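Pasting the structures here.
Look at the two complexes coming up: subunit A is in both, with subunit B in one and subunit C in the other.
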Partner chain A sequence: MRLQRVGTAGPAKRRRYGSSKGEALAFYGFLSPWIIGTAALTLFPVGYALYLSFTAWDGVSVFKPWVGLANYREVLTSSDTLSSLSKTLLLVAIIVPTTIVGSLVLAVLLNERVRGRTFFRTLIYIPAIVPPVASALIWKVVFDQNSGAANRVGAMFGVDAVNWLTGNRAFVVLVVVLLWGVGAGIIINLAALQTVPMEQLEAVKLDGGNALTAFRHVTLPVISPVLLFQTVLVTITTLQTFVPALLLSPISTGGGDVYTNIPNANRVYMVDVYSQFFAYSRYGYGSAMLTVFFLVIVVLTVLIFKLVGRSVFYAVDPTASGKG
Partner chain B sequence: MALDEKTRVPVARRTPAHGTARPAWHQRRPKHPVIFTVLLVVSVLMVLPFAELVISSLRSTNAVNEDTWLPSAFEWSNYKKVVTLIPFWRFARNSVVLSALFALLTTLSSAVVGYGFARLRAPGKNLLFGLLISTMMVPQIVTLIPTYLLFANFGLVGTYWPWVLWGTAGAPYAIFLYRQFFSSFPKELEEAAVIDGAGRIRIFVQIFLPLSRPLLVTAFVLAFNTVWGDFIAPNLLLDQDNTTLAVGVGNGYVINQGFPLPNLIAGGALLYVVPVVILFLAAQRSYVRGFANSGLKG
Partner chain C sequence: MQHSQAFSRRSVLKSVGLVAGAAALSACSGTGSSSTSAAVKSPKKGTLTIMSAQGEITSAEIAAFEKAYPGLKIKLILTDPTRLNAMLAAGDPPDLVRDAGTDVTPYIASRGIALDLDEYFAKSSVLKTADILPINNCWRWDGKTQGKGARYGIAKDWSQDAMWWYNSDLWSAAGLTAPDPTKPITYDELFEASKKLTKSAHGKTSVYGLYTTTPGMDQIAAMVATAGGRIMSEDLGTADFTSPEAIRALTWLVDVAKAKVGYSAVNPSPDWDGPEYLAGKQATAGQGYWFNGFVASTAPAYQSKTVFAAAPMLGSKRVSPSFGAVGYWIPAKSKNPGAAFEFMEWYCGGAGAAKRIAAGNGLPSMKPMLSLVPQKTEFQKASFKVQTAELPYVSVIPVATPYALTTALNTTLAKDFTAAVGGGKSVAALADLLTKDVNAVLANGKKLAGK
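Our next item is the complex of A and B:
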C-alpha cells in the first residue's frame, strides 16, 4: 500500500511542484476572487471618480460637462474646503500622537504582572470595538446640555451648564469621542511586547541600566515596525472622520440637509465632501475633493515613513527577517 | 499554610533557570501598586460612559432634563418604545444578516487569497502584493460613492448584493494577516500532502484552514464589526425604512418636530452596542491569539 503510493508520488510531485505553469495557474485561481473584486469595486470606482473630477456632473444628468482642472483649482482655493482640510489635519495632529503614545503606555503597563490585568485589558479595549455610531451617541448623551454628566460634573465645581454640542466646544467633544478608542492598539502592542527578548532586557540591567534605558534601547526598537504600521493606520482612519461629526450635531433627523446642522468647528473634510455630493449635488467637485484627499493620504504616509521610518528597526528576530 | 506550600514549590523550581521565568509570588500580591492604580482609574474612565448610558436610558421622557445623577424614577418601559418607535427588529435582522453574510464570505475568501500569496509563486506576484498593500490605503469613502453609482446602474441598490460582492472580494487587511500566518508554515507540510496525492484545494481546505482557527475568528469578528458599525454604506445603499441598526439608531428617536429623545437614543445605542461587546467577549481568547500569531511576523 505504502510503497505503491510512494511510487506514484514521483510524477505527481513533478507535475505539481516542478511545473511553474501549473503553480502560476493555481496562484491566479486562488487570487481570482480578490483580483476580480478589486478591479470592479476598487480600481474601477477610483478611475471613475478621477474621470468625474474633471467634469461638472450634477449626479442626475446624462451629460457630464468637461471642465478640465477647474474643480481642482477650486479645491485648492476655496476657503471652505481649505478650512475643513485644516480642521481635519488639526484632528490628526491631536489624535495620532495621543493614541499611539497612549496605547503604547497602556500596553506596557498591562504587560506587567499586575493583578486583574486581563480584566483591565478587556475594559480598556472595549471602547475600541464600539461602533462609531454608538460612541457618537454615547458621548452625545454624556455631553447633553440639560441632562448630560459633563455639565453635572461642572456643576460640582460651580461651573454653569454649557451647550457642548455647538460652537467650538463641539470640536472638544469630537476629540473626546475619538480618544475614547485609545485602546485600539493595545492588543497588537501587547503581542509585539511578547517578542521582546528577555535576555537583552536582563543584559541592560546587568550593565547598570534602569527600566527606561532598557525600554529605549531594547523594547522600542523591537516593536517599532508595529508602531509605524499603527501610526499610518490611525492617521488614515482619523482623516476619514465623518460619522461622529454627523451624529454629534444637535439634531440629525435624517431628512433634509443634515450637514448644515453640523457646527462649523466639526465641519471636517469628509463632512464637506458629503455636503458637496448630497446637499449640493456637485459630483464633479466632490470627486475632485476625494482625489485631493487621496493625495493627502499618500503624502502623509510618505512623510510618516520618512520621519518615523528612519528610526524603525527591522530584522531583530532572525526567523522573521528570513521570510520577508 | 497548605496553600503556601503549593505556591512555593514552583518558585523553587523556576527561578534558577533564567530570566524569563516568572516567579509565582508575582501573582500572589499586587507587586506594582502604582501601575495597578493607574490601570484601575483608566478602566473606570473607559467604562463610565456606559454607566451614564444605562442611567440615561431609564429616565422618563418628562424628566429627561433633570440634573440628578440617578433618575427620580426608573422608566423600564422606555425600552418598549426603543424597539417600537423605529422598526427596531427589522433593522436588527438586516444588521445580523448583512454582518454575518459579509463576515463569512470575507473570512473564507481572504483565507483563500492569503494562501495564494503565501504559498504559491507566479509571475506578477510582487506587483499584486504591492496592489494589495496600496488598496489598504484607499479609504472606503473614495470608492464608495462611485461604487454606489455602479450598483445603482445594475439595480443593486436596496438589496444585499453589494455586501455579497464585497465579501467575496475579501478584505485587504484580513488577506494580509492570513498571508503572514500561512507564510510561517514549513514547506514539508505541503510536500507530505502532495506525496499523498492531495491537490492544492485539498491542501488548503484540509491542512491550512483547520490550523488557522484563531485567525479565522479574528477575521470574522473584525469583518462582522465592520459591517455592524458601518453607517455610510447602508445609508447610501438601503431604503431608510429597511436599513441596518447603525442607520436606524443613528437617525431615529426624534419626535415629529425633529427634537431628539435622549433617553430613547441612549436605550437604542445600548441595545445596538451590546451584541458587538458580547461577540468580542465570547471570541476574545481566539481573537487575541489570532493577532499574536500573524500580525507581527514579517
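Our next item is the complex of A and C:
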C-alpha cells in the first residue's frame, strides 16, 4: 500500500497521465483541421442537402416548403431521371470493363523488356495528366463536323461528314473521351506488376507452363487487389461523369444556356442533377437525386466487393488482426 | 440628305410616341405580391460588385465611371447563374445583375429577390420616368402583370430581336432578289431563300443560308404572335403549343432543322451568329439593331454588303418584339443599392450609355438619347431607316412567368425538340409533348408559390 501510494505507482501514474494528456492534445491538434474541414465541408453540406431533399426549395426563395418524400417518389418514377440513370449505367457497363481490361493488357505489354519502353510508357501516360477540360476540348475539335480529323479520315474512305457531337453519336464521343484517360490505370497496373514474384513465374516455367498459365495462376492473383481497387474507382468516377458531357456540348446556340445544348444522348445522371439545380431551380429535387445516387453508388460498390471480392487474392489476410 | 430629313430625331420620337401603347405589355395576370418601394439609400463609398457578361463593360468604361464617381470601385464578376444563386442563397448577392427584362422580371420581383426601384427612379435626375421609353415597361411588375407596377430595372439598350441581317453579296450570288428591308417577308419565303443560299457537299456545309434558330420561348412566341396567337395563358400559369398558330411555328422550326439550312438545336452552332456571319459561314444573322454597331466595329468591310431587314412573319399580323431589353436589376440584399443605382444611371442613361448608343450598339432607354443613334455612314443611315420603319411594331410578347425562369422552359423545349426531330416524332406529337412538359415545369413553380 505504501509503495503504491508513495513510491512507484503514484509518480508513474502521474507521468503516464501527463504524457497521455500531451499526446491527446497533440493528437486532437493535428487532427482538428481534418475534423473541422470534414464537418464544415462534408458533413454539414451532406446534412443540409439531405434536409433540402425533403423540400421544394427553388434556391432563392426565403421559404423552403416541406414536401416529405415527394421528391424521392418523383426520382424513382420520373422517366427523364430514370433515362439519365440508365444512360449512366450503360456508360459504366462500357467504360469499366474496357478500362480495366485495356489498361491491364497495355500494362502487360509495357512491362515487357522492349526497346523504347520508357518512351511508350510516357506516351501512353500523357493523356492521363492532361486536364479533363483540355482533353474534352481537344476531342471536340477532333470530332467537329466541318474541320475535325474524324470526318477527314472518313472522307479518305468516301464517307460523308457527320455531326459527331449531336444525337446518339455524341454518346460515342463521350465514351472515347472517358477511355482516353486509361493511362492512369496502366501506371497503377505497371506498379502492381512489379510486385509479382519472379521465382513463382520461373517455377511455372519449370513446371512446363506457358506465359498465359503464368499470367492466369500467378500474375492475376497477385495483382487482383489492385484490379479490385481500380474497378471500384473507375465505377464511381464513371457514375459521376459530368464535366466531359458538359464540355462536349456546343458553347452557344444563339445565346442559349449550356443546359439547352447538351445532346439528349449525353444527359447522364449528373448532367440531369445539374440541370435540375441550375436550369430548373429545383434544389430540393436535385438534392433528392443526389441522395438516391449516393445510395446507388454504395449498392454498386458493395455488389462489386461481394461479386469480385471473393476472387481477390491477398498475400496477407486483410481480416486478420494486426496484434500478435 | 433625304435620309437625314426623313429619319430625323423628330421622326424617331414620333414613332416612339406611336408605339408607346404597343410597347406596353398586353395584360397578363400572374401571381406574387406587389412590393412596397424601397426607400432610397445614400450611396456608400467602397466596392460595387457587378455581375455582367464577359467583355461587355469595358475597362475604359470602368475607369470612366470610377473617375466620375470617386470613392467607388467596380468589381466585375462574370454572369453565372450558378454563382448568382449561391450568392443570393448566402444573402451576399452582387450589387447589380445583368439580365433580360423581358425574361426575368416576374420571377425576380415575385420572389422578392429584386429591389423595387420606384423611389429611386422618382428621385433620379438622370433616369426621369417621363423620359424612359415604353420598352422598359418589361422591367415592371405589379404582382399580376408584366408592364405595370413597380420598376425593377432598366435596359442598358435594346433592339427588336426578331429582325435579321443578310449578306447582299451572297444573296446575289445565289441568284436571289434581295428583299425590301423595310417590308417583312414570310418565314416560308425565308426558308426557301435559305435553301438556295446554303452550300453543302459531302456532309459538310460551308455556308448556311439561315441564321441560328432555337426552339426557345421567345422565338416560338414571336412567330406565333405574327399569326395572331399566343403561347402563354393570360395568368402566365400554363402554356399551349397545340394551337394552329403554334403548330405552324413548330412545323417551320422542325423543317428548317431537318433541312440543315442553318444551325439549330439538332445542329448546334459553335458560336453565336456574329462570328459565323462575319466569317462568311452564314448568309444571314438573326439579330436586332445593335448588330449595326457590332459589324461597324468588328468588320468594317462587311458594312457595304450587310443589310438590316424587318422581322419575318408567319401570319399577317406585323409584330416585331424585343427578346431582351437587357439591362440591370439590383438585388434586394445589395449592400450598396444607392451606389448601384448611380451606376445604373451612368450606364443606362448617362455618359456610359451615350457612348454606346452613339456607336450603334442598340437603341437607348431614354428618349433624349434617341438623337445619338448614329446616321453618319451609309450603313448607319440604311440601318436607321429600317429600324425607324420597324419601331411601330415593337412589342414584348409575354413569355416570362413568375413560376419559372425562361431558362427552365427553354431547357425543356430543347430537350423535347431534339428528341422529336431526331426520333421522327410528328409535329402534333411534339406540340403535345411540349405542352405537357412545359406545363409540368410551370405547375411545379405554382405549387411552390402556393397556387
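Basically, the second predicted complex is superposed on the first by the 284 of 324 C-alpha atoms of A that agree within 3 Å, B and C clash if a C-alpha of one lies under 4 Å from a C-alpha of the other, contacts with A are read in each partner's own complex, and residues count from 1 in each chain.
Keep in mind that, in the parts below, a contact is a pair of C-beta atoms (placed from the backbone, for glycine too) under 8 Å apart; a residue touches a chain by one contact, two chains touch by 3 or more.
All of these numbers come straight from a predicted model, not from anything done at the bench.
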item: Touched partner set for A:I95, first subunit B, second subunit C, both or neither; value: neither
item: Touching partner for A:V46 - first (subunit B), second (subunit C), both, neither; value: first
item: Partner chain in contact with A:V218 - subunit B first, subunit C second, else both or neither; value: neither
item: Touched partner set for A:N151, first subunit B, second subunit C, both or neither; value: both
item: Subunit B versus subunit C as contact partner of A:A279, first or second or both or neither; value: second
item: First, second, both or neither for A:A56, with subunit B first and subunit C second; value: second
item: Touched partner set for A:V162, first subunit B, second subunit C, both or neither; value: second
item: First, second, both or neither for A:A170, with subunit B first and subunit C second; value: neither
item: Superposed model, subunit A: greater residue contact from subunit B or subunit C; value: B
item: Contacts of A:P65 with subunit B and subunit C, given as first, second, both or neither; value: second
item: Shared subunit A contacts, counted only where both subunit B and subunit C touch the same residue; value: 144, 146, 151, 155, 161, 250-254, 277
item: Complex contact set, residues of subunit A against subunit C; value: 56, 58-63, 65, 80, 144-146, 151, 155, 160-163, 165-168, 249-257, 259-261, 263-264, 267, 275, 277-282
item: Subunit C to subunit A touching residues, read off their complex; value: 81-82, 85, 88-89, 111-113, 202-206, 211-214, 216, 263-273, 286, 404-405, 407-408, 410-411, 413-415, 418-419, 422, 441, 444-445, 447-448
item: For the subunit B and subunit A complex, residues of the former touching the latter; value: 18-20, 22, 26-27, 29-32, 35-36, 38-40, 42-43, 46-50, 52-53, 56, 59, 64-67, 69, 109-110, 112-113, 115-117, 120-123, 125, 128, 131-132, 135, 137-147, 149-150, 165-166, 168-170, 175, 183-184, 191, 194-197, 199-200, 204, 225, 228-232, 240, 246, 249-252, 254, 258-260, 262, 265-266, 268-269, 272-273, 276-277, 280-281, 284, 287-288, 291-292, 295-298
item: In the complex with subunit B, residue positions of subunit A that touch it; value: 5-6, 8-9, 12-13, 16-17, 20, 23-24, 26-31, 33-38, 40-42, 44-46, 48-49, 52, 106, 109-110, 112-117, 119-120, 122-124, 126-127, 129-134, 136-142, 144, 146-147, 149, 151-152, 155, 161, 180, 183, 187-188, 190-192, 194-195, 198-199, 201-202, 225-226, 232, 236, 239-240, 242-243, 247, 250-254, 270, 273, 277, 283, 286-287, 290, 293-294, 297-298, 301, 314, 317, 319-321, 323-324
